[in-house]
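In order of appearance the chains are A, B, C and D, and numbering begins at 1 in each one.
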Amino acid sequence: MTAIPLSVGEEILAAQPFNDLIGARLTRFEPGEAVLELDIADRHRQQFGVVHGGVLSYLVDNTLTFACGTVLGAGIVTAGLTVSYLAAARDGVLRATATVTAHAGRRAVATVTVEEIAPDGTARTCAAGQGSAVATRA
Amino acid sequence: MTAIPLSVGEEILAAQPFNDLIGARLTRFEPGEAVLELDIADRHRQQFGVVHGGVLSYLVDNTLTFACGTVLGAGIVTAGLTVSYLAAARDGVLRATATVTAHAGRRAVATVTVEEIAPDGTARTCAAGQGSAVATRA
Amino acid sequence: MTAIPLSVGEEILAAQPFNDLIGARLTRFEPGEAVLELDIADRHRQQFGVVHGGVLSYLVDNTLTFACGTVLGAGIVTAGLTVSYLAAARDGVLRATATVTAHAGRRAVATVTVEEIAPDGTARTCAAGQGSAVATRA
Amino acid sequence: MTAIPLSVGEEILAAQPFNDLIGARLTRFEPGEAVLELDIADRHRQQFGVVHGGVLSYLVDNTLTFACGTVLGAGIVTAGLTVSYLAAARDGVLRATATVTAHAGRRAVATVTVEEIAPDGTARTCAAGQGSAVATRA
């Protein structure tokens, strides 16, 4: 694996209109690993006031795809994902960390953890997930 | 199961700021079943121009939770979900249909299919998923 | 989809040494659907005396693959699966029912429910799952 | 987390009749981690001669539950799991390694990798999975 500059990952993220809506930023993009962070805002909430599960599943989806992209290249499709919700996220920053845990041929699997970094600096795991991506060209 | 009026479900959805951002509407809300629909717009896309996987996973998350709510009641949390991406969604309407496939005690499982209804009326399955929710009060 | 005779499915199952160990039988094999049944015996249990989760996940894996085979053909590989455990299985018969819920190109997704049919005839859902298979030849 | 002696884990495994059938052994049992190994034999195969997916899903189920048990205690139930199949396993030893990636309250999530260690010593990832367990007593 060759290191891909963070700026390349940032350009890909900037080219995703759906991410503009959500507002995540790429803070790490290294061989086998990617981190997305998001400042929690009111638009991310559901009817009970906590962050919507759809925001967490979005972070799982996108972070795992970036991580898999570091080993498979930019021409990939996400094949699927799973998310387990562990705790409600309320305030501060959401940080999703994806690590490639398996890579075989044109397919890679990444494991993701989403933490809430509360305004007082406390970290708490809110979701854990896993997913895979497949290279579309050899 | 008693039928819950569609308007009750619509009020819950309207109370989700994150859904305002995405723009889905509840079009069916019956015992064991819920349907969310979304008019595909540019803000839903990723860098290759197709609908972002995070939009599909959001629809899976929210539709399964509404469906589980019809059997468990409104006080529930989503425990987790899985999504398999099958085809890219491009234009028209996304329709997510969730059906409760198992219900035991305080836990229910729903299966979800997300279809693209293209402008010419053609339906195509873009994602299939499954997830569960747990009642937080007896 | 053309109907495949049940006897063809039974031959495939008989060719699986691992199924000999477990002892499931194919009781339905129709376009888009497959059912495996298993008489619960002591060899299927874990340390608390109930059926091992690995037996339920085996049934999910094999039933979904048979169901996907009815739409994709016999030359397939299972891509992955998910299982939610809902209730312990204790006695009687385990019946796993898989239904194809999506089929796009060379990939199909099936949803599975595993029920315990207790000796008194009571049915109870013990697990719900979903998985996909991919055709290895066109 | 206090270290639990390997022998305690081995006793739990020995109390699982279903594992007797399959023949896995516990080779690591440390805080947050568990490893199960299995000598591949003909009884583990499917109709194409490779190891049955149900064997891999069994290893994912049991290894994640042992790993979660190291942080939650022995009184747990497995809530669910997901498996992605990456490569066929043929000969040698299957080694499943589970690592706890999140732990919140009474619930823990573990990520699992299943490798084939071929007779010539080559390791290859055959499956990746994730699952969660819940403590049944406080």
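By our rule, contacts are C-beta pairs under 8 Å (C-beta built on N, C-alpha and C of every residue); 3 or more make two chains touch, one makes a residue touch a chain.
Source: prediction; values computed, not measured.
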A-D or B-D - the one linked by more C-beta pairs in contact: A-D
Whole-Å gap separating chain B and chain D, where each centre is the average of the chain's CA atoms: 33
Intercentroid distance (Cα basis), chain D paired with chain C, Å: 21
Centre-to-centre distance between chain D and chain A (centres being mean Cα positions), rounded to whole Å: 26
Numbers and ranges of chain C residues touching at least 2 other chains: 79-80, 82, 84, 132
Arrangement of touching chains [line / ring / star / complete / other]: complete
Residue numbers on chain A that touch chain C, as the complex places them: 79-80, 82, 132
Touch list for chain A against partner chain B, complex: 12, 15-22, 42-47, 51-55, 57-58, 60-62, 65, 77-85, 88
Chain B-facing residues of chain C, complex: 82, 84, 86-87, 101-105, 107, 109, 111, 113, 124-125, 127-130, 132
